[in-house]
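Pasting the structures in now, so scroll down.
Next come two complexes built around subunit A: one with subunit B, the other with subunit C.
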Partner chain A sequence: MKHARLWVGFISLSLLFSAACTSKPKEELPNTLRLAQRGKVKGLDPIYADDTYAGEEVSRAYEGLLQFHYLKRPYVLIPALAEAMPEVSKDRLTFTFKIKKGVLFHDDASFKDTGGKGRELTAEDFVYSFKRLADPKLISTGWWLLDGKIAGLNEWRQDAQKKGVADYAAPVSGLKASDRYTLEIKLLSRAPSFLYSLAMPFTSVVAREAVESYGKDFLNHAVGTGPFRLMEFSSNSRLIWAKNPTYRQETYPSEGEQGDKEAGLLADAGQPLPRADRIEVQVYVEDQPMWLTFLSGKLDLSAIPKDNFQQAITPGKELSRDLSEQGVRLVKSPMLDVTHYTFNMSDPVVGKNKYLRQAMSLVYDSGPLIELFYNGRALAAQGPIPPGLSGHDPKFRNPYRQFNIGKAKELMVKAGYPGGQGLPPLTYITTAGSTERQMTEYAVRVFDTIGVKLQIEAFSWPEFQQAVRNRKGQIWSFAWNADYPDAENFLQLFYSKNASPGPNDSNYSNPEYDRLYEKSLGLPDGAERTAVYRQMVNLLVEDCPWIFGVHRIAFGLVQPWVKNYKRSDFHGASKYYRVEREK
Partner chain B sequence: MFAYVVRKLLNTIPTLLGVWIVIFVLFNVIGGDPTYIMLGKHATPELIADVRAEYGYDQPMLKQFFRYLGETVTFNWGDSRATRQPIATMIHDGLGPSLTLTVPAFLVTTVFSVLMGLLVAYFRGRWIDRIVVIGCVIGMSVPMLAFILFGQYFLAYKMGLFPIHGFDPAWPERFHHILLPALIWVVVSLGYNVRFYRTALVEEVGQDYIRTARAKGLGELPVFLKHVLKNGMVPILTNIVIEIPMLVLGSFLLESFFGIPGIGGITIAAINNSDFPVIRAMTTLVAMLFIAGNLATDILYTLVDPRVRLK
Partner chain C sequence: MTANVGRSLWADAWLRLWRDRLAMASLCVIVLYSVVALLALAGWIAPWKEVVGGSYQPPSGDSLATFFGTDLFGRSVFYKTIHGTRIAMSVGLVSSLISVPIGVVLGAVAGYFGKWVDDVVVWLYTTLSSIPNIMLLIAIAFVLGKGIFSIYIALGVTAWVSLARVIRGEFIKHKEREYVVAAEGLGAGHFSRIVKHILPNVFHFVIIHLSIQFMAAIKAEVILSFLGLGVQGQPSWGVMIDDAKLELARGVWWQLAGATFGMFFVVLAFNVLGDALRDALDPKVK
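Let's look at the complex of A and B:
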């Protein structure tokens, strides 16, 4: 009897495994995009879309008032759910948006009045969504976009804090739906970059019925007006999106930048969006499976992992012959970012000694750094503003970023530490990853050439964040990716009112810089503002609160059957992609 | 037996309390502050104060500890600080994929290990024994990561025998995706288990009662199945029961490389983010499973060895 049970167990297991072996993957639609996410998607609520993974997924289902033109560079804002760009008052403080009529939310059970059919979008939905971003109970990571900008919104937030609950019926003077399709936003002061906020996932419009119906579980649902509807969501593993059948009438752009037509990027001009029928997103936290899946043709777009770079790219930085013969395309594009070493300016040693910082900047050679850690995929940064943004001067050469060990040693003498004598080891804080460890070893070697010793303290990511925000450590490495395509997003990193725990983690404070920054906020994009930006960059170059590192260049691989692909630094591009496999 | 179980359960209270104190100190006094992870790069003093007030981080440490203790004993896990997902939902969603991988792999490993242990105990000292022992040592020496990289590259990518990556929640498709990770689990686990079971069984083979059984003319198969296996079951059972709670935790490496949305990945992400509520939930869950496992082992001992009495 006992043996019989054992055999039954064995046979059951064998059947289970044979069933598993013979089960075939489901048939997929021909126009299905298979995309990778490099990290877990923590949720789909727009007010928490603060990382690239959540931002990208949120933008498939949700939309805001504005968006970036898919093809034009530099980036240009165009209407999304707004009928047109806003009317701006003479004092440039009030923006009036007309909302597109007939736009429907996704069909969802939370729309009880319409029997589960998505209802029409109205201006009130934006008022509600913006208030949600300000609701202190929800602790949105996007509140900084509206903080201190819209008249009456901070007061509404403070009132909610006092009462312990937000009153969504209470009016906000600077946020008004003057009729069903008209939204008025009144700013407290001029802020040209405010419009960029309206193209970010944080400010996407949500339906109150869905938020209230799903409660805490709202972040696992996606009920927007966007091009795709959520079919499946497993944050650790995969997301399935299907074309939204009730999507508004939006078409593929009919103009782009130079070279787009030749690259076939205008072939779908005027065609309805989204171009793909379905998107399957797989989360890959490790490089090898993503790379092998791409090579096997089951992933449509891929970055090139550091360890596979030589396999994919020739020494001349072109695509390898193997991949070229398979029709794979290599897309190179500079990213809107900057890496840097940060000096803690509130530290009595590094913060008070400009010559020491300049000497360290002079000796930190970008050439080997770019080859060693970026496989040549980066440009040496001369200042904080990356190429592609107004304010970046391609001809400018930072005098303290031209490797010169002799001059660095002279500056060490001026600093009062000839050959590093008398200088205590500087506390260098870092995270404990393998790449960070290698970069730290590089920094130790480089700074040692002028007698600057580093004392390394490695932390977990939360501990590192805590140390930086609490102004511990004297030097550390960081990177900043643009939230929106405006140099202001980089220059605010040195504004004294943004000092730690804010984004100015170097705690740089220069009244002249602050004055120029505040002046620039009131200026529209143009020659005058660019001139102010240059003055600000000059101050930073001389004061050296950062050692400017690199602006990275993205190398992406695209399968031959993917059409309309153009890399974007911002979210929401997948509605333009199409898949056309050979029959 | 009832009195024994009650006494044993009461004895677990100080153990659990110790676990909770260690976790609390590790992640509240020594570890990083999850506030900065929650708020991202645009944190302001005002926002930080809001978060601290909302989650009670601004309260005295002792008050925080008692609140934490209250939430723990009432199984009020709350929400993840990093993902804001309800922790109960995270565990519920992760448990299925983890167990889909670990349970079949564990069953196969256990059955094979015991059978191989019996086989090499029978052929003790002969070439088959030596080959298996050498194989076990190699299996124990090679890290799991090497098996994963090899399996993914050769068996999945080059030979196309298995999917490279991914997980399908549908049945029975999910088994299609866990075949390769389960195979790697089995290969990695076999080395240690076979050696351990071999040792336990070889010890029994040398006992006087086995010689007696053989002397009275019993065949080798009944000797091994009825006497050697049954008497060698106590250490085997201990090993098996210790492994069972770990099945719930899944395998971080396998889950990461194969895209299985299990508990292993959730736990590691929580540790990396200092996501204290998730870590607390996981440690409590595992501690309780271990305690239950130990209790079950004690009870099972009485079934396989009549000399054992629970008092």
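Let's look at the complex of A and C:
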């Protein structure tokens, strides 16, 4: 899942009180979570939830068949809307899901037959939702997830492309609701990681009535089966969610990993979800307002901005006395992510010149980067796969990521631009924001040492994503957070069929890589697959479609009144949090 | 006996300006800034890209480079301030070079020809000025893409309104004066009457406007750069203040101080000079 590169910690934070100037302060619900987002939320339609901000918000209102266990590590898939884990056929191609009975959609005016009451979820809703992901007219940013995986779905898509309009009544052989509560999914080939995709926001279930009645405006509504109902969504930057009164019977998990019980994470075991009554989300594009709001106690979770690190954390990397006396907790955990510079491989200048890319990779020194921008809270990345996933090789050193200016200059000569001569300034696109700007200055400085000049264009987060999808710009910075705990999620970023508007934003295309990727899809986790992964990483290292940045370590702060908080790399954890204020 | 030799408006104005010590001091400040800007443009002073010390080193008197301390990357804040001077002065100059001709031409034709020409021009500038200035600048910066070039254009195409208003008013007044009527009688065409006869008599307004516009442009650049819409990839006072927004949290105040120091004197000087010019050039306040 994409996100702005500087987002250093938790997804969440709170809300600014607007009541300060009004005559009567608003009565605050005691069990209200106040969370922050670090980028604008472009919309709430699951099929466009390709960034971490939209993904997190979508997961409050929508659910899929499966989800990750909140407490267990390594991550374990458990049923969400499915009654149980699917029955798998002998050839491991057909998955049969039983859908939970009695699950209701949120009450919404679009359910005309029931007078605005949410109707019951059926298997047919999943068939519809998956087809939406494939509908060529909608240009979903999540199609890559199912592309070439489900029998008949690609044909259905092609048919829609030909006719100019998708026929939702037309059957798809691999996607069948055999009765009201049974969903059968047939894959084209074995794909061990397929089940993970059913836990992602993209594959959440939507109600056809709502999609059709809201039309284009569906993006601003949320009618799912999830734990929270949308009360307010304004200017892409403020959202208010309330507990869904008709939420299905789901309870807080009663087992976790070692240490969870001692940490108080099992105190709510067996209690109904969601634990919070209300969530108020505010978008903070800039660091300081978020930080000050957290310090004043009006935000429940926060990352630590780089400029406030000294204030919050002691040289021994522990929480400062001020904060720990207030009861604030520090949660440190490595993230399943990688930051990177992307070269636009479809660009005639940078895309066709391997030596230029390698030279730039060689001078992009991660040492100062980690100190200046991450306060040491990151590891230099040698390849796309973060530590913690099989396929990551801790001993591997990427030859083009060891700072070497002499070698870089030689490569610039090979590239045909000795000392940068003859190379027009590269269009560098970025998101607007003070820290992003400083990061851009860092890039300008390091690339200048080999004579590569940058022409900078800054955008807001949604505009920036749009520009990347339209293949504008020659280089940009990004970060990828795991959607599921498998290296495949990182390696698919270079598969040529996933090129923009898919997640392969570099538009990298290498037939050999594609062949290996397709081969790896059918392999179970093990030595053979790891060997294939290594070959793939080697191709990437040599071709250099990215400059690998860092794998970050999240330093999150949690207010004392937030209960049940455990950091998760995936979306949908807010239904477990609870707020308990001492009176 | 008083010398009754006629002095031209310009000579008279210069004499009065010369006597105004504060105005002359301001003029010196502006000349100094201009020289610094030119030297920085030529690359003879202030190598701001160089690393002169550690990250966020506080100000020290050891050398000129560390006089204002260093920034995140260990670059000299003093040199950045000087480079900021270059940006500020160039924004002031270029945007004035764009806005002044637009303002003079539109104001002149509107005032001179009247009728529908006037209607069109007045409609144009009332529409333009009805949009809040900063919003308009932001909108233009978005359309043109961010960067110093679009700041030039954005300020240039929005700042001509007040000048056009004044020039239009003066032209309406002047076009019926005897000397213009006489010129017409002698066979002078429209162009000749506008450029040769009326314009020299209203040109002092352009000078006054220029000094005010220059200062407004410097301030606007700082605001736009602070908002992230301005200069990209190089320092300017606005960018330095934007940095300070983050850095103040860790007690780093010197970038803010540097930018403020740089901006304070030149803006003040232009303000004082603008006032003095008005006094000196406008015969009515004699």
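Here is the rule we use: the second predicted complex is superposed on the first by the 370 of 583 C-alpha atoms of A that agree within 3 Å, B and C clash if a C-alpha of one lies under 4 Å from a C-alpha of the other, contacts with A are read in each partner's own complex, and residues count from 1 in each chain.
Note that a residue touches a chain if its C-beta (ideal position, glycine included) is under 8 Å from a C-beta of that chain, and two chains touch if they have at least 3 such contacts.
As the structure is a prediction and not an experimental result, all values here were calculated from the model.
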Subunit B versus subunit C as contact partner of A:Q535, first or second or both or neither: neither
Contacts of A:N236 with subunit B and subunit C, given as first, second, both or neither: first
Which superposed partner A:S173 touches (first subunit B, second subunit C, both, neither): neither
First, second, both or neither for A:K298, with subunit B first and subunit C second: first
First (subunit B), second (subunit C), both or neither touched by A:N220: first
First (subunit B), second (subunit C), both or neither touched by A:V444: second
Which superposed partner A:Q288 touches (first subunit B, second subunit C, both, neither): both
Subunit A residues touched by each partner, larger count belonging to subunit B or subunit C: B
Touched partner set for A:L454, first subunit B, second subunit C, both or neither: second
Partner chain in contact with A:G43 - subunit B first, subunit C second, else both or neither: first
Shared subunit A contacts, counted only where both subunit B and subunit C touch the same residue: 286, 288
Touch list for subunit B against partner subunit A, complex: 31-34, 36-45, 47-48, 50-51, 54, 79, 82-86, 89, 93-94, 97, 104, 107-108, 111, 149, 152-153, 156-157, 163-169, 172-173, 175-176, 178-179, 256-262, 265-266, 269, 272-274
In the complex, subunit A residues that touch subunit B: 9-10, 13, 16-17, 19-21, 23, 25-26, 40, 42-43, 45, 48, 50-51, 136-137, 139, 141, 143-144, 147, 161, 216-217, 219-220, 232, 234-238, 282-286, 288-290, 292-293, 295-296, 298, 459-466, 469, 480, 501-503
For the subunit A and subunit C complex, residues of the former touching the latter: 286-288, 291, 305-308, 310-311, 368, 371-372, 432-435, 437-438, 440-442, 444-445, 448, 454-458
Complex contacts: residues of subunit C adjacent to subunit A: 49, 55, 72-73, 145-147, 228-229, 232-233, 239, 242-243, 245-247, 249-250
